[in-house]
Amino acid sequence: APRDAAAQAAPTRNETLLLVQEYGPNSLDMQGIGSSQPVNGVALNCYDRLVRFKRKPFDDVTTSFDIKALEPELAESWQEASDGTSVTFKIRADARFHSGRSVTARDVKWSLDRAVSIGGFATTQMAAGSLEKAEQFVAVDDKTFRVDFLRRDKLTMPNLAVTIPFVFDSEKAIANSGGDVWAKDYLKNNICGGGAFKVEAWRPGTETIYSRFDDWKSGPLPKLRRIIARDIPSPSTRRALIERGDADISYGLPPKDFKDLVDAGRLKVSAVPVPNAIWYVALNAALPPFNNVKLRQAVAWAMPYEHILQGSLFGRGVPMWGGPSTPAELKWPVPFPYSTNIERARALMAESGVAPFSTTLLYDAGSGTIGEPMAVLIKEALAPLGITIELNKIPGANFRGELNKKTAPMVINRFGGWLDWPDYFFFWNYHGNNSIFNIPSYQNPAMDRLIDAARFAPDEASYDTNVRGFLELGMHDVPFVPIVQPYHDVAMQRTIGGYQFWPCREPDFRYLTKG
Amino acid sequence: MSAATPAAAASQSVLDVTDFSVEFRTRAGIVRALDRVAFSVGRGETMALVGESGSGKSVTAYALLGLLDAAGRITGGSARLEGTELTSASPAALSAIRGKRAAMIFQNPRAALNPIRNVGKQIGDVLRRHAGLGARAAAAEAIEMLRAVGIPDPARRAGAYPFELSGGMCQRVMIAIAVATRPALLIADEPTTGLDVTTQAVVMDIMGRLAAETGMATILITHDLALAAERSGRIAVMHAGHIVEDAPTKTLLLYPRHPYTRRLLAATPTAAGNLADLRSIPGNLPDLRRDDLPPCRFAARCDRRLPACEAPMQWRELEPHHRVACWNPA
Amino acid sequence: MSDTALGHARHVVTENPVTGFALALFILFVLAAIFGPSLVPYDPLASDTANALQAPSGQHWFGTDQIGRDIFSRVVVATRLDLGIAAASVALVFAFGGFAGLVSGFFGGWVDQVIGRVSDTIMAFPLFVLAMAIVAALGNTVPNIVLATGIINFPLYVRVARAETVQRREAGFVDAARIAGHRDMGVLLGQVAPNIMPIMVVQMSLTMGYAILNAAGLSFIGLGVRAPTPEWGIMVAEGASFIVSGEWWVALFPGAMLMTAVFCFNLLGDGLRDIVDPRRRT
Amino acid sequence: MRGLLLRLAGSLPALVAVIIVTFVLTRVLPGDTATYFAGPTASAESIAQIRAELGLDRPLPEQFWSYVQALVHGDLGMSLTTGQPVLTDILARLPASAELTLCGLLIGMAIAIPLGIIAAVRQGSLADHACRVIVTAGVSLPVFFTGLLLVYVFYFLLGWSPAPLGRLDAFASPPPAVTGFYLIDAALIGDWETWRGAAAQLILPAVTLGLFALAPIARITRASMLAVLGAEFIRTARASGLSSRTLILTYALRNALLPVVTTLGMVFSFLLGANVLVEKVFAWPGIGSYAVEALIASDGAPVQGFVLTMAILYILLNLAIDLVNRALDPRARHT
Amino acid sequence: MSGQIGNQPTPPEAEGPLLLDIAEVSKRFPVGKTGWLSGKSHSLVHAVDDVSLTLARGETLGLVGESGCGKSTLVRLLARLTDPTSGSIRFGTRELSAIPAKDFARDPDRARIQIVFQDAGESINPRFTAADAIADPLRQLQGLTGDTLRQKVEEAATLCGLPLELLARFPHQLSGGQRARVGIARAIGPRPDLLVLDEPTAALDVSVQVTILQLLVSLRESLGISYVFVSHDLNVVRLLCDRVVVMYLGRIVEVGPARAVFDAPLHPYTRGLVAAVPRLDGVRADALRLVGDPKSPIDPDPNACRFHGRCPIGTDRCGVEMPELRRFAGGRQAACHYAEEAPA
């Protein structure tokens, strides 16, 4: 009954943002199991973390972040121990939860304990930064909190700034937990924290309405007082809404639409190449015929890169082909040395000794307007090599199951890692521990050694050597054929300002302005 | 060409039909369904219209009341109902006449009643339309009508639906609808076909009684000569769209003059006869779509055919009130 | 009066120009299905990203799609598959549903009860969702789409066939056949079935259109025929996202084709109904 | 009354069959729910953990048994897509679908029944053929396409229609829920601004559905009108000189309505299932789009809940049709 | 026209003079749907109730009665199209009532009992030509094919006066009389001993009716068939039948030689019936009128005369005692307590 609230000075239209998105959060608890991507936005806006990434200008529309630099959020300062085994945070004295209670180190501990113990994605993500056990977290006193390191891991600190380790009002959560240690049910349906926004109404599948928490202290008070996020499944409708000016901001449109919007120039479009992300074709390196390196290289030479970038992504991406034979920069993603050259592909094909064959190319039905044309173009481009491809579009729910079988010969997929380090990507995708994202089931002890060495490299130099090593190896072995680094596109009215891009890619209402 | 004036005295007659012709346009050609039909019915008189199936009895009735479907139209002649010319009347005028001054009842009474409207209301509808009664008065009058046609417990039956009534009762309801406005003319198109003979007798009694009481002229259409014999004062025999003979019932039965009438009588089983004595009529009705229909449409089936039969048909009044359309009557 | 069914059909067609028109369309579709692939100007699968999303022109009559395929060629070539899916699913449900309805109406009793329950159960499902579930569960292959479309039409056929059979179960000619020494199955298949055939044909014509629409709906949800096979539904579904951006032709032409086909089947069904309607026989 | 109860009881087997079939269908859906919801970086353990939590690791009969037990207690399970109990979701969304479908049906009826009558009264005329072509055109396009086209023309190009944002403009708030039908609820409290807003949102999707409903309704109206107009009792009524108004409305139409009502029921249940696609286009928070999303996500509970709801609705609908038929047709009251 | 045809009816001599002997036959139909859950319904239509009659070889038996009195049901029973609820049906020396109607279709005696139906048009499959229709029983029952079949078909058609050129036509292309002939030709094709005719001329014009009746007579003479002839038209029954059975609400109320029954009916219903038949010689002012409608055939009172309430001479006794079918002089029977009081 927001009707009652009308009595107070209601937010004006200029203080209200209308966001249209494909689908909204399925939970209000990003740590909970099975939370969907938009829940990150809830975590971002309704909860605070100890720290956040430092913002840095990207272009005149967007501010981005510096993954290597942090700034205070709940913590007003922090200090790494001289022996490098722990870090101690000082919590803002004036920080309050929505309930009005002051934030304590116990709340932080409870929250981080929860993140590492609750299981599912949250725990996995925490582990990526060597945050694995509750014992690591110590509430020293009311306002002092310490994290003990398990090992030296350059990802530990950045990982405290992603959307997972956010801080709950633990007393309120426990009081409402109904006996459950982690108050899963309660937190799923209720915001119980101290972020810049509260959830005023949440109608799953329909809309989520946020309103500003006026007592927020962890940053400058947001300009927007109310955000209405509507779920509009049809991308055409979303485009129509934003183009006609009825919606303020939208993302997740097909690339074609962003291209048009950019060309038309009446709206602002924030376009950030998604860090650590690529569209690629994975070739199953464990099973014939793609266990043949020459064949994989042949495929990489036959890929219709430019056609895909234009026909499938409408130019909304950074080419990942045509690079030098050794990486020009030690970053990820970097362009691979391949490009479309059917002669070389034929020659390699002949060299490989693989006879013409038929195979299947999997792609996610959810990837919609991108995956399908890409698949069609690939099918067409590989036909001259004698590779006959059957396209198999897999509904979203089934896709990961298929990947998990590790039997798919060719897969189109997009992967993006939150933490923008090459070894982070390679660890998930190329490592022989065979995570689900090692879709090609690529096994190469040399690769594993290089990745492991880079992850825990003691110094810059050894890090660089190892990174160069695995990049070159990846380029040679091509279990993944990178196609493009996609843009994260967000369209907004000209009146909207302060768009902030974070690793989780959800919009941050705290910085947005209108009018 | 010209038909003689009908036998009945014009002053008394309710309906005068002369030279009445009807055609149907069909895909297969023009059906000349009625050709210069002429007859008249007097007040209180019951005239039977008999003939084989397809001879045009129903078409006569429908055409008179303007109920022909879109394919049919009156191509000539006149039909005067108490002085009103029906052939040139507008649809609205006809609709005002129908049910008020001329009414009609049909065979298969159950199907002829609205299955989802109770019979009281169906009678009332006519009264409201033609007698200008209000809903309540019409309902009361409807009950009276039901009583008049001999339906027991009429007040209760007024609320009954056709499916709750027997065929005989439905036919009585039909009669009630027809006579509710005391029309001058009632056309009954095979009103008892499909009813049991016992029921038929009762229904015909009621019709006869009402006609006598109200002085209504009745045209009884039937293919049952015996029924016509019992229930009418005069019989007109139709064949292929022509009226071939028209005479008082007794005369017609005893002294049929037209060969067709004689044939018809010879084919009708009687209580006393013998199967071997019965004779069927040779041949069939001519195809009315032919362009070259002979002047006498019975000629092809007739054993008394003369070369003269090629001449246009003329009415012959052989004796008073007994007309026949034949060049060689028996 | 016409002497043959054909002659009768002819005068119904001439009397009813809309049916005649539908018939002509139908013949066109059948021709397109048969000869389409050999007549079209372009390979329906060949992409040409340089010429993507071209508006209709002399070169590409219906324009090109997202990856530059010729929409005209695709639309024409798709005829065979679409009509094939529709015809196959209709034939399937005609065989099973028609027979079930026949048996159910003829024998009554527990057979009727069982078949009635089965079709009740199907009817109680939201049909489109049932089709989706079937295709999702069994995989989005053409046979499964055919099967799903067939299953959701099952109750309809049972209902029609049953009603027609019940009407004829007591007919004189059924008794006559019994007297002539036919047993139940003989009467059912030899006497009743041919008599309900005309009305079933009408039904088939009407459901053909529905089957095409259903396949299109499945495509929209992403459960249709696999890419890159040209199919109207998929093309419309894909093209739908280009309407707002102004590339109307991508969806419009397949949509128009789909519409014309469904339209044609529906009109034909109506016309056929008039042809077989005994009241309209002279 | 006894008859009605018997009818209700008679539909039980179908209901049970529906429950079993949906259960089996959702279990044979190829997707692995647990993997899907464990998220991209999930480890094998966390997937197993989710699987256990969802009970997906138990044998099928056991799963079915607990499903049925929960059902008996009115528990339809949890939706993973929205994270809410299915029952809550469905109750929240059903009115949206029902309101939309009903309005679609009303629009369809308002156009189709008069068209059907005209076509029947003027059988074979130009009007007849025109009606036929118009209504057939309505049913010849996939609804999602019609919907998009309408959005494009009436919202995007012309701007006549409000933004297709769902049931209400983003800045309006829904009326207090009584029936869940915004039009009714708004009217109840006399909030005509909200009423207008809701109506404006409703028009395009309802028209989309209505177009689709046109053909079956008009077709059956025409056919049954024709049959009735050819009936003997109409001839009687004409012979009684009743006015053509009484003739067509009181005599013919009321009789012709009987099969129309039956068809309306079918069309309604059909639309309720088919508006899945319309809901998607118009961001309508109904149960159709809900079920589709769930189906795509292999999320069994909402699909089961949805199908069950629809089955129950279908049964109730048939009951309602029966009642209407009884009211219209005295013959039906006696069987 | 019959001379050219070899006519071998197959009545085995040993079977005695009675062709058909049915005793205490009843047929009841449940009313109301026996729904899936509603259990058995308990209301029964007593369509035929305790009917006994015999038919001699070569005899023609007329069956008359009000609409709905069970005539069709009775003839369907004795033609073994439906199974009796109880009673015996003896055909020649064979008891047929125990053979389910379903199996009787393949019984050797199937060919010996044939029916001509009321609506000839409806009883011919609209998809069959006249030739198909006539051939059907011959093919099924006697396994004829090819030329023999064609020959037999033409033979039957000729017997019934059906021009051979009409054989290729469909029923809707034939006139009513021609259809009736097809129906008869089909029935006599297999050379039955018993031909049941259920109102074969009801839909025909008098003139056509005459030819059909005369055809029946000639067939009876040439083929030696026995007829059971159902009709509404008493005049026709009188012309064609040797004996007549009058039914009322499922029960026989009077049996006797046709002329005797119609000239001096014993049962009040028969009297009313005869009186109501229109005659060419004009109305009788004093004619007996049966007013009212028959009672419902559903669960009738087993102890009351079915005619009670409508009967002009009924007494209280008729309400409590069902009259038996009693024998009277001249081979007549009537089921009325007061049959003796019939006016002479």
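Each chain carries a letter (A, B, C, D and E) given by its place in the written order, and its residues are counted from 1.
Operating definition for what follows: a residue touches a chain if its C-beta (ideal position, glycine included) is under 8 Å from a C-beta of that chain, and two chains touch if they have at least 3 such contacts.
The UniProt protein names, listed by chain, are B, E = Oligopeptide/dipeptide ABC transporter ATP-binding protein; C, D = Peptide/nickel transport system permease protein.
Note that the structure is a prediction, hence the values are computed from the model and not measured.
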Interchain contact steps from chain C to chain E (minimum; 1 if touching): 1
Centroid comparison with chain B (C-alpha atoms), farthest chain: A
Chain pair showing more contacts of the two, A-D and B-E: A-D
Separation of chain D from chain E, taking each centre as the mean of its C-alpha atoms, in whole Å: 54
Inter-chain centre distance, chain B versus chain E - centres from mean C-alpha coordinates, in Å: 33
Whole-Å gap between the CA centroids of chain C and chain D: 23
Averaged-CA centre spacing for the pair chain E and chain A, given as whole angstrom: 89
Contacts with 2+ other chains: residues of chain E: 36
Numbers and ranges of chain A residues touching at least 2 other chains: 236-237, 240, 243, 365, 395
Junction residues of chain C - those touching two or more other chains: 1, 15, 136, 222, 240, 243-244
Sites on chain D touched by chain B in the complex: 231-233, 235-244, 246, 250-251, 254-255, 258, 328-331, 334
Chain E - residues contacting chain B, complex: 66-67, 175-176, 205-211, 213-214, 217, 232-236, 238-240, 262, 272-273, 275-283, 287, 289-293
Complex interface listing, chain D residues touching chain A: 29-33, 35-43, 45-46, 49-50, 53, 79-84, 89, 92-93, 148, 151-152, 155-156, 159, 163-166, 170-171, 173, 176, 280-283, 285, 289-290, 293, 296-299
Residues of chain D defined as touching chain C within the complex: 11, 13-15, 17-18, 21-22, 25-26, 28-30, 124, 129, 132-133, 136-137, 139-145, 148-149, 151-152, 156, 215, 219, 227, 230, 269-270, 272-274, 276-277, 288, 291-292, 295-296, 303, 306-307, 310-311, 314-315
For the chain A and chain C complex, residues of the former touching the latter: 235-237, 239-240, 243, 254, 256-257, 260, 304, 306-307, 310-312, 365, 368-369, 372-373, 375-377, 379-380, 390-393, 395
